[in-house]
């Protein structure tokens, strides 16, 4: 028996001889010169132009995700360029592959937690929901996502600034409030300072912007792709990948027995 | 004899307990809320904030590169997500790997051609340099990059709009003029309409912005990374990857002998 | 306070002017001409040469994983080559990125399940452990990994052949026995035929070979890398990627409004 | 006007309810237990079983490509695993992306050079063709591929062993002879020792085996995929990626101004 074919529908964009249409808008006339890159990313994700407030908060969120210094993914990208200088796109791809559960899963986890907890307890006060969340994590012995930072203490300086921008534009709402309630409860239960880190702030603001929690990792990928191109342009000018490689190889070879 | 170690220097960014610095600027105070995503990308690539004109032209260039419909790279990303839905970053990476010589090499080729031709003939008139370029390509039987389009005829609607934005901000200069001279000469020699396509316009504007030609592919990668996240968010909601796979597999299996 | 440095040790291989050593063996003299590719892969994974039996079973397992027709990952690799024909390695990389939880997680899941269940119940009979496993999955409403196949019914023809090869060489032991007990119990509880599929057989044989369960995905990656190179060499000769792309783009463009 | 559809043909493999066919052979009955992994790779690439001699030489060639110690691609793979431990396949993909022109282009270059030179001068003696090749490279100031090695001097120990295995099985023919003639001529012209390195030997043997030159990079990818899985299994047991990252980040942060 023949399988029933499904249609191949996509609303991202299409072209004809005279026209190029992206998410329903005419690219040359409605988009170019009218939308900045953050607003364009919003259009891609949601299918509509952002309001000025959405644009401001969304731009701030993604800008936060661009640059984090010499991270494992930046080094992986530089080492890939060393072997394939003709393929910068693949060096970026190698770096992006490292944006998995450890470095990019956090915001996603916060966004999912906030959305699912509120969906499960739609009428409860934040304090009650927060208490449930903290207790669940304590019992399962898993860390609460979005709280604490190994370096930035007592606060992560990005968080108050992101919340300030969100508040200015009316996007500091119930998701941020719930995360703040989780923080207070966690600090009470665990008796230590647990600041909301940038990951937590970004997860909460993704929810405030009405984006699905799965989009969180996409925002991290967008930010990081820009950052990786920055690192690779620096690597072309002042390379360090080869030195990182040679040091590691020399040390491990000596240890393994190469005199 | 011991190899002399080279230092590991990077000026991209660094953090301490209280501070996060990106390209010399304080991230929370100087960047968040002040730079949109395009301006942030410019900061990453050049190490300084853009002027308003640079920001406008750069944003328009990268925005142009975001969305091109259901391209091979968008399909590759969707098919990758089908096998690894837990790793959206790798689906984007798979799509980016296809941004090679065929789809992303064009702007790079135009930028390199314009810069190298002007470096080789610094005092010649555009017409003379253009004649040399067209003749070189004719003799080597290679296509002139940045001219002609398989679909958009007689003009690529993105090109006049990009040049209009560039002119508004004082970035329609000698690189655009040289490319236009190449176009005129090519049309004269080959006796057919050869519009400057978006690839050509972007290559020329990369030069006008003072970016190295190697950055061209980086701009394509940034734009495409955003577009691919858009496609993947659509794929999560209304998947088509599985249907594309099944149709191809069914047809090839039947042809190969599976009755 | 300065962080304490950890040494960079690796026992994979090293070279000097005269020698190339891989996992303690001299590459030209001890390996080349003595080990086939499967035996070499075993050496890489375990640090020692396989016995003839280990070599036979391991080769059969990985050979099983090489080719599965026009899968999503094979199509993704072909579409990537279309954009970057100069970078076959990246086309393979794009295909490998799709070997995630859906297509490559299965064997890993089986291997992990068998090892952890036996570690938790070291003295129990297979039937008792199997009953516990089936009940756990029933309660959590998750599918038992390694059982059933959407196409190959009533049996997956690879499974009896793999078990036959394993038995010949003394590698059909307690892990296979436990998986067979799980199958019997699952068929009894769910009242339907649930053959051990190739994924299940491979997961069990990975355990029989004494490899860590995390290596299962590595075996899938090795097999698939070989298969993807095969697909790409065919694509170079008789391309189909462009046709897959054009059909999808044409259909979605028409649906979206391009007349 | 409607585009004419091309068929989607692939001869790699297909399945029905009872059968799994790979390159025309029944997988369970004709392949499993009969072909080792190298022979399976040959089947994938050529569509037929290898002769014993082809199997021996092909296995030796690919085995040579598996392990090269702590290379940039091995480090990139380990750093990727650090961020995405749930996605070993993507760590391998990140490492493969670095197998570009610098590390994997060599054998391809040798194979292409040998095939194209002989196609252009089908009746000339090796010495005459070699003299032409050396002169062409001297004039264009490009290095001859496959000759010389930064570490292995005066000879690359893999080369005589590979040629010995090839000779045993009747695969040391005109391609090896031409490369040896190129070596002699290059040493005469440049007045220094220029041993055929493993890259050169593998390029020549790819030709002797009758594989297309484009397959050379595929062989490097197959070998390296196996080697990368080996590195990642070691990384799971005794990690060094984090230490490589932290050292690089600490040094560059201090240099950039983080006190």
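Residue numbering begins at 1 within each chain, and the chains themselves are lettered A, B, C and D in the order written.
The definition used in the following text is that a residue touches a chain if its C-beta (ideal position, glycine included) is under 8 Å from a C-beta of that chain, and two chains touch if they have at least 3 such contacts.
Computed from a predicted model, the values in this text were never measured in an experiment.
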item: Relative to chain B, chain with the most remote C-alpha centre; value: C
item: Which of B-C and A-B has more C-beta pairs touching across its chains; value: A-B
item: Euclidean distance of C-alpha centroids - chain A vs chain B, Å; value: 23
item: Whole-Å separation of chain centres (CA-atom averages), chain B against chain D; value: 31
item: Computed distance of Cα centres, chain C from chain B, in Å; value: 37
item: Where chain C touches two or more other chains at once, by residue number; value: 7-11, 13-16, 69-70, 84, 86-87, 89-90, 93-94, 97-100, 104, 240, 244, 247-248, 252-253
item: Residues on chain D engaged by chain A in the complex (per definition of touch); value: 69-73, 75-76, 79-87, 90-91, 93-95, 97-104, 240-242, 244-245, 247-249, 252-253
item: Sites on chain B touched by chain A in the complex; value: 3, 5-20, 22-23, 27-29, 31-33, 35-41, 44-45, 55-56, 59-60, 62-64, 66-70, 74, 87-90, 92-94, 96-100, 104, 151-153, 157-158, 160-162, 164-165, 212, 214-215, 217-222, 225-227, 229-234, 236, 238, 240, 243-244, 246-247, 250
item: Residues of chain A that touch chain C when the two form their complex; value: 7-11, 13-16, 21, 84, 86-87, 89-90, 93-94, 97, 248, 251-253, 255-259
